[in-house]
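Read the structure below first, then the notes.
Each chain gets a letter, A, B and C, in the order it is written, and its residues are counted from 1.
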């Protein structure tokens, strides 16, 4: 009957076995010559895995580029990327493991965005700087973490500001008079659209319709039908991906083409969007972007060339998530170059001051990690996604009003 | 409002088709098939693949995809469900079919990655204007196809030897066995048929909505609500359940707010169950199909 | 049979002693973190077992109550201060009790249906919970999520209070299971599982015992939800009401053995540790989900009653071949 104690035996053995290998005292960082190990947890499986992989490619590309040039302060960069399966418990375990088990020197942020807050708090507990290519929702900055830096030009909610500025730059008689708002209920899309709505209302654009829809809504036709019936001049949509495609498809079916159509996400995806809605239906649609093919920002040309060399495709096929991840690495390189040191304390204290050039433009951060720049406005013109506003980056002038569908 | 009702009715056809497979499987085997949603998505992927690689129209691809899914369904029944013990088959089958759903999801994410796919035929955005209301062509076709498929299913169950054997074993498995009905064979073919209806619905689903390997979670919750509402095991109930749920969802979404649309059918479901724990058309004992 | 009497308590004492003293050996943070999550699932599987294992009502919606517990803690401490860091733990008994009371009318409606339909109704509960958490934006923060102040514990021993609270809850839940199995309640629950109508016919208070099992089970689950939310620091509706948490509870119980004392705990230790470890070390493999599903299927097909009952049967048969005991119903002994 001794086997009956198997349960206890197994559990005890497992515990003892694992405690055995957990004796503290891994290699402390700082030795010149030793590799600089950087850990990140990315969603390689689960709901967010495609963008997760794009982030992984961006990190890897940066590490390759740096290593080809002799590493950071003579130390070769070594990435340790683990999978969080898009789960908030796994992401906590993963950063614990990276920091306390594998004793990585630095941590980079995760993808998906919904996992950034729990992950950044683990990093904060152990004094790690946390640079994240995604996770710029308002709640993130409310955490007031001094180790957090969101590596995009502006908090996600403000990425619609460039569109507002564009509308206000138009002469009064060419501005839209009425607008309808369709907002996806997620941490980014709805607040972004709300931000645009408040600013446009203040500028005298009348709101004729406003609706928030949940993310599992597969069928957006009822809502788009209600909007089409009101025939607003502008439709401003806070979207992610597939809902953006569904909106356009519904509008095409309803044969209603507003003179201004702005979608906060999805429409800025250079490959997927024309594939999903039909290339003829993209003309004139507006969207915000940080990086775009042909950008003149520092390092952008090198990044594009290296990306195509390593992963194939064309500049048009690069996901902005890869560019944003690459920018995280650029910031780290820049800190090392300016301070001649690379450790978490230096990174945190350096990044709260000064401005830092990246392929997303020049970045700077406030105390809670919110960046203070601005996005660019891109528009579909003849099958290509081109920056049209502000004038400093524009490669074409904005096309207005948006032509009818299938043009 | 009228636009909402039109949409709801057209959508209901597709849901009725998916749910009829689910309810058929339950009727024959007392198995709540948690993998029905995943099978619909697999059907959608198959027809996506046929369309993108060979340019086969999703509607024309249906014979091929249903044949493939029929085989998949029979295989699932033979490998995973048949070995279960009779006494706790109902409980275990929920888990086994859920595991099958995860398995299919895993396989689909390996084969097609997890980004959204949609089938874009030339006519996918076309619509007719009737009395000032827009009727999407593809939805209309989908609706008609679902009616045809449901009609075929009805004929199969009512007019053929196989159908009589199925109905006999649904009503009374013991006497059916005594009369020489091979219950195992009926179960395997029944599961295959359920999967085949999923494939047909999947081709249409892929035309209507973007999908990815994880889409089956949303789908299964709606399908389960429909079959429970209609009464597990009743095909007529599945049709009525689909109508109630799609129309109420579409009307609430267009007239009130899409946020509360998913809540509508949960409320409908719970209130029906409060009055009739076996659903609208369910019977306490084994019933007619 | 006589031998089992003495072994049970000793085994339990050893188990909890090991759990209680383990952190004093300076377990690394990463290991403690994994144990914290594992203990959460051990308690939840054990709690699910009280209902699903003993009565045979397969709830797939327990995570609805997990989510309620999670939001209860977060929302309460948006209006109340946390100073010592222990306040959320002190709130847990109130949450457990409150959710058990909320569960009573729900159980009364849901348990009008039987096994298969009950499973579906409970899934509905989970989606109702999630929809409410998304849509009652003024209360829950909706899709924006809701945060709780991070615990002010020092980084060196940050995990310990969570760990200790979970060990206590595991003791409570296993103690309740043990008491159930030794009392008339356990017998009544088994009668419900075997044949509810017959049991009611011979005077078993079917309604009372099954409602009781439901309420206790969801109350415990809600308390774990509260600890989880505090540990994560930030919750979103889709994570607090994640269907996969429900599935994990069921799977762990089935893996270890339904209606047994140790089965669900064993299942949780095997599955959760394996999952956390493999996702970390085999990251990037897309075959992870396939492997998980296959393990799931193999366990149910090869050991439909779980590890413990299957192993016990094998030992039992070897020991007493002459006594034909193949009919031993699942989980009649406190193994």
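In this section, contacts are C-beta pairs under 8 Å (C-beta built on N, C-alpha and C of every residue); 3 or more make two chains touch, one makes a residue touch a chain.
Chain by chain, the UniProt names read as follows: A = Branched-chain amino acid transport system substrate-binding protein; B, C = Branched-chain amino acid transport system permease protein.
The model shown is predicted, which means the values in this text are computed figures rather than measured ones.
Visitor: Based on the averaged CA atom positions, which chain is farthest from subunit B?
Guide: A
Visitor: Which pairing of chains accounts for the highest number of C-beta contacts?
Guide: Per-pair contact counts point to A-C as the maximum.
Visitor: Quick check: how many Å separate the C-alpha centres of subunit B and subunit C?
Guide: 32
Visitor: Roughly how many whole angstrom separate the Cα centroids of subunit A and subunit C?
Guide: 36
Visitor: Residues of subunit A that contact two or more other chains, please.
Guide: Residues 45, 49, 185, 214.
Visitor: Indicate the residues of subunit C shared as contacts by at least two other chains.
Guide: Subunit C, residues with two or more chain partners: 131, 134-135, 286, 288-289.
Visitor: Among the residues of subunit B, pick out those that touch two or more other chains and give their numbers.
Guide: Residue numbers touching two or more other chains: 109, 259, 262.
Visitor: Over in the complex, which subunit C residues touch subunit A? Could you list them?
Guide: Checking each residue of subunit C against subunit A gives 3, 7, 11, 14-15, 18, 22, 25-31, 33-34, 37, 131, 134-135, 141-145, 147, 150, 155, 158, 228, 231-234, 236, 238-239, 262, 265-266, 269, 273, 276, 279-286, 288-289, 308, 311-312, 315, 335.
Visitor: Any idea which subunit C residues touch subunit B in the complex?
Guide: Those in contact with subunit B are residues 56, 58, 60, 109, 112-113, 115-117, 119-121, 123-124, 127-128, 131-132, 134-135, 243, 247, 250-251, 254, 286-294, 296-297, 300-301, 304.
Visitor: Could you please specify the touching residues of subunit B with respect to subunit C in the complex?
Guide: Interface residues on subunit B, with respect to subunit C: 26, 30, 32, 80, 83-85, 88, 90-92, 94-96, 98-100, 102-103, 105-107, 109-110, 217, 221, 224-225, 227-228, 232, 259-260, 262-263, 266, 269-270, 273-274, 277-279.
Visitor: Mind pulling up the subunit A residues that touch subunit B in the complex?
Guide: 45-47, 49-50, 185, 211-214, 216-223, 225-226, 241-242, 245-246, 249, 252-255, 272, 275-276, 278, 281, 405
Visitor: In the complex of these two chains, what residues of subunit B are touching subunit A?
Guide: Of all residues in subunit B, those touching subunit A are 3-4, 7, 11, 109, 113-116, 118, 120, 124-127, 129, 134, 136, 208-210, 214, 218, 250, 253-254, 257-259, 261-262.
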